[in-house]
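Below, chain A partners chain B and then partners chain C, in two separate complexes.
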Partner chain A sequence: MKPICSGRFDGLIESLSRGAAQLTSRRGFLSQCGLWLVAASSLPLLPVARRAQAGERPVAKPARKFASEFANHAQTNDPTRCNYWRYCASDGYLCACCGGGPHTCPPGTSPSPTSWIGSCINPDDGRTYLIAYRDCCGQDSCGRCACLGQEGDMPSYRPQVNNDIVWCFGASSMVYHCSSAGLVGLAE
Partner chain B sequence: MRGWSGGILAAGVAASALVLASPALAGDSDDLTADAKLQLAESHVTATLAPTDLRRLYVLDVAFPAAEAARTYVLDGTSGQVEGMFNQAYWPNFAVSPDGSELYAVDSYWEKHTRGKRSDYIVVRDARTLQVSEDIPLPAGRLLIVSKKYNFDVTPDGHYGLTYNLAPQTAVTVTDLKERKAVGTIGIPGCGLIFAQGPARFSSLCADGAIATVSFDESANATVKRTANVFDAKNDPAFEHSGWDKHHQMLYLVTYHGRVIPVNLAGEQAVIGASWSLTSDAERSAGWRPGGWQISHFHSPKRRLYVLMHRGRDWTHKNSGTEVWEFDATTGTRLQRVKLPEPAQSIAVSQDADALLYVIADSYRIYGFRLATGKPLYRTKPLGFTPQLLTVWGE
Partner chain C sequence: MRQFAAALALALAASIVSAGSPPAASGSNVPDIETRRSGLQLAPMPRTAQLYATNCQGCHGEFGSSAAEIPTLAGRVGYFTRIPEGRRYLVQVPNVALNANSDADIAAVLNWLLATYSRAQLAADFQPYTASEVAELRQARIDVVASRRRIVDALLAAGQIPSADTLALPHIVLY
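Coming up: the complex of A and B.
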């Protein structure tokens, strides 16, 4: 992944995450969502789907150090930049630029109990880790450090692999603020 | 300092004398009684838009950095001049009634800005005054997603508004726009988007590549007919903003890899036509492919498809386009390549005979091009926060 378009248009598409309805109870929502919405306690389930998704990519990439184009340009020192290694499938405003961090929601917001899962390569050790992309919800858009991941992004009629849906499902607020990327563990 | 003020006062008195000596100007209406008027007084009036025409352009600004500040601008598409604006709400949708008399905004609100009870509505406005005439509640809610045009559609006769939801089942709420009330919600399991093609019928794209066509009655009781798989949803999915020719009930699916699959939606079940490609082998090798946000639009009178194109690798389907390619949709023949002065995310085409191409550039300027020449007519100053979707009347 790379930050999409340069300039102000970064903000666009930024595929803000995720949403659902306050109109549905949290329990009812989670019970009906099946595999594509995953509560924190069951995070390890989703990477299977996500990794399978990666295997569906239409065309092979040219040979590089890593199979992931994102990993070939990733760095491990600065979580306020779009190419921080954990953000390989992240979309939206980086919580690290908004008073939070890769696994910390900024003050005044709360993490969604549901999340995306990505499998990202740490370029320092070449190993693949599971990352939980959890939105922080409860304030309007942070508006800082917009990043867009497109790898694996599918149209919204395949909602489980679309990155434009507001993903505060089950949170106390359906208002998206920023995107975090917590480490779950090794994917190997 | 005091002397300076005195100078200003003197100039003001002189100006007042000039005003009093001038004949009065008439206004349309005002709030001054006759004896309170100066001899010259401007009336302070509110403008009314001219009747909706084929060159009117609506620009939905989703305001990414402050999403609660979304709004729609009304432009004269011939000149690019802003003629009005109205507020929308969180990740909204927008459409124009088929007769051009009303505007429909699909909005979600919280009672305390970002807190409190959520309410969802189809907000009906008069197309000339932009005044709200009705807030029609959507009791089943709606999906919150970065705004996509075909999450809301109006049936061709203007009777029903159809809004998409995911909570968590995918569903469409049917709203009777004449009676001003939601009449029910129809489940469309595994499918999404809305292409309203009949008086009481719409089609949706499905996660497995099928197309579901839903026929419903006045109480939203529905029957669904699905096709076999029309496209490869896993390896070459169709863009959400594919070419939709509502007048001829034809959907031209544009895929990530640049295939075009014509689909006839005129009946109770979709009928698939022969596919063709946007690109030649050489162009594909050079990396040409569709991409952006509102990546395509359709000109119904001439049955022409317009697609934003760029050069890139796989997974650049949201990269901005550098050119707009024009195709005769009946033959798949490319007619023109319009090179854009700067990359762009969204396009639309006016539906008149001498059509204009509208473009939202990455600078947030709106460009207008004459398609007859491929040359730009104008570019606006950057508009709003993050303008994203374009709508024209009659599309």
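Coming up: the complex of A and C.
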């Protein structure tokens, strides 16, 4: 076989790649590629990576004393975990794990016009904020990151303070997909 | 490949539907992954606005209107204050009368609601609700549908609302 490139380095690379081409099939190469893609994209889903994203305080902080037990263990960096501070009274699957964000609906679902309002303490500034828990509706239950924050939840004889109700009534579709948690305001 | 992935990510991000963005105001920055970078500031909400938010907003919406199943308050509730039975009705509607808050708080939230969302429709001589008035009125249990129909008819007959459509409720199919 006549080398098509000149130069010692080029020649080396050429013979190496020709060798590689003979040893491996194209399909095999593609499947390897695919494997690496999947592996790389699933990495951030591992708790390790989340810990790294959360960054600022991965290790235990001195116990703070808030009136709320939830707030004592809450964090403000990772909306895909149940202890994200805004979820103190959330019930259901986290939209942040279902293709949306903490206050955004995943594609293909729409926010219900009605919501359930709770108040949560932000562990970093110790202040209380009002949070609107809004269901995203229109596709089957997402099923990921089920969280039950029961703070301020009341028995169902007072419907406006019970968070087990599917608040999808009023949305274009009654089907519950996941729950979002938007900031309403600062309570004082 | 990378370009394709970037385009896909962009398309995904663009198709995410916002479920309501927080109101901006001056105050201190909210320490949160979403707002730390954007620098969102929130000023403390006045107490009555908070009462509305925690007791009523879930159903009636941030700006006094939401789902078809729930009567719109914005631009409408004020009309009820134009006749005595209508004024009583606003306290006796079940979600107001049976609310767990004090009489004073209910009076405050009603006055706030009327002034904020429906000032233009108030009776010319409107007097704010008082705690003792609420205390007395909320004892009664009314038939909401019948009372409301009677009040709307009376308002129309007295020329207090432009037409029967003004306070009409949409036809709702419950499922």
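Here is the rule we go by: the second predicted complex is superposed on the first by the 124 of 188 C-alpha atoms of A that agree within 3 Å, B and C clash if a C-alpha of one lies under 4 Å from a C-alpha of the other, contacts with A are read in each partner's own complex, and residues count from 1 in each chain.
The working rule: a contact is a pair of C-beta atoms (placed from the backbone, for glycine too) under 8 Å apart; a residue touches a chain by one contact, two chains touch by 3 or more.
Just so we're clear, the structure is a prediction, and the values are computed from it rather than from any experiment.
In the superposed model, A:109 lies in contact with chain C only, and not with chain B. Shared-chain residue A:148: touches chain B; no touch with chain C. When the shared chain is aligned, chain B comes close enough to touch A:140, but chain C does not. Of the two partner chains placed around the shared chain by superposition, chain B and chain C are both touched by A:174. 158, 169, 174 are the residues of chain A that lie in the contact sets of both chain B and chain C, per the superposition on chain A.
For chain C in complex with chain A, the touching residues are 12, 15-23, 25, 27-28, 30-36, 40, 42-45, 49-50, 53-55, 57-59, 61-62, 66-70, 95, 98, 100, 175.
Residues of chain B touching chain A in their complex: 64-68, 90-91, 110, 114-115, 118, 140-141, 143-146, 148, 151, 165-170, 191-193, 204-207, 233-240, 256-257, 293, 313-320, 343, 345, 362-364, 385-386, 388. For chain A in complex with chain B, the residues that touch the partner chain are 4-9, 11-16, 19-24, 29, 32-33, 37, 56-59, 61, 69, 138-141, 143, 146, 148, 150-159, 162, 164-166, 169, 173-176. Listing the residues of chain A that touch chain C in their complex gives 76-79, 85-86, 95, 99-107, 109-117, 119, 122, 124-125, 127, 129-130, 132, 134, 136, 158, 160, 167, 169-171, 174, 180, 182-188.
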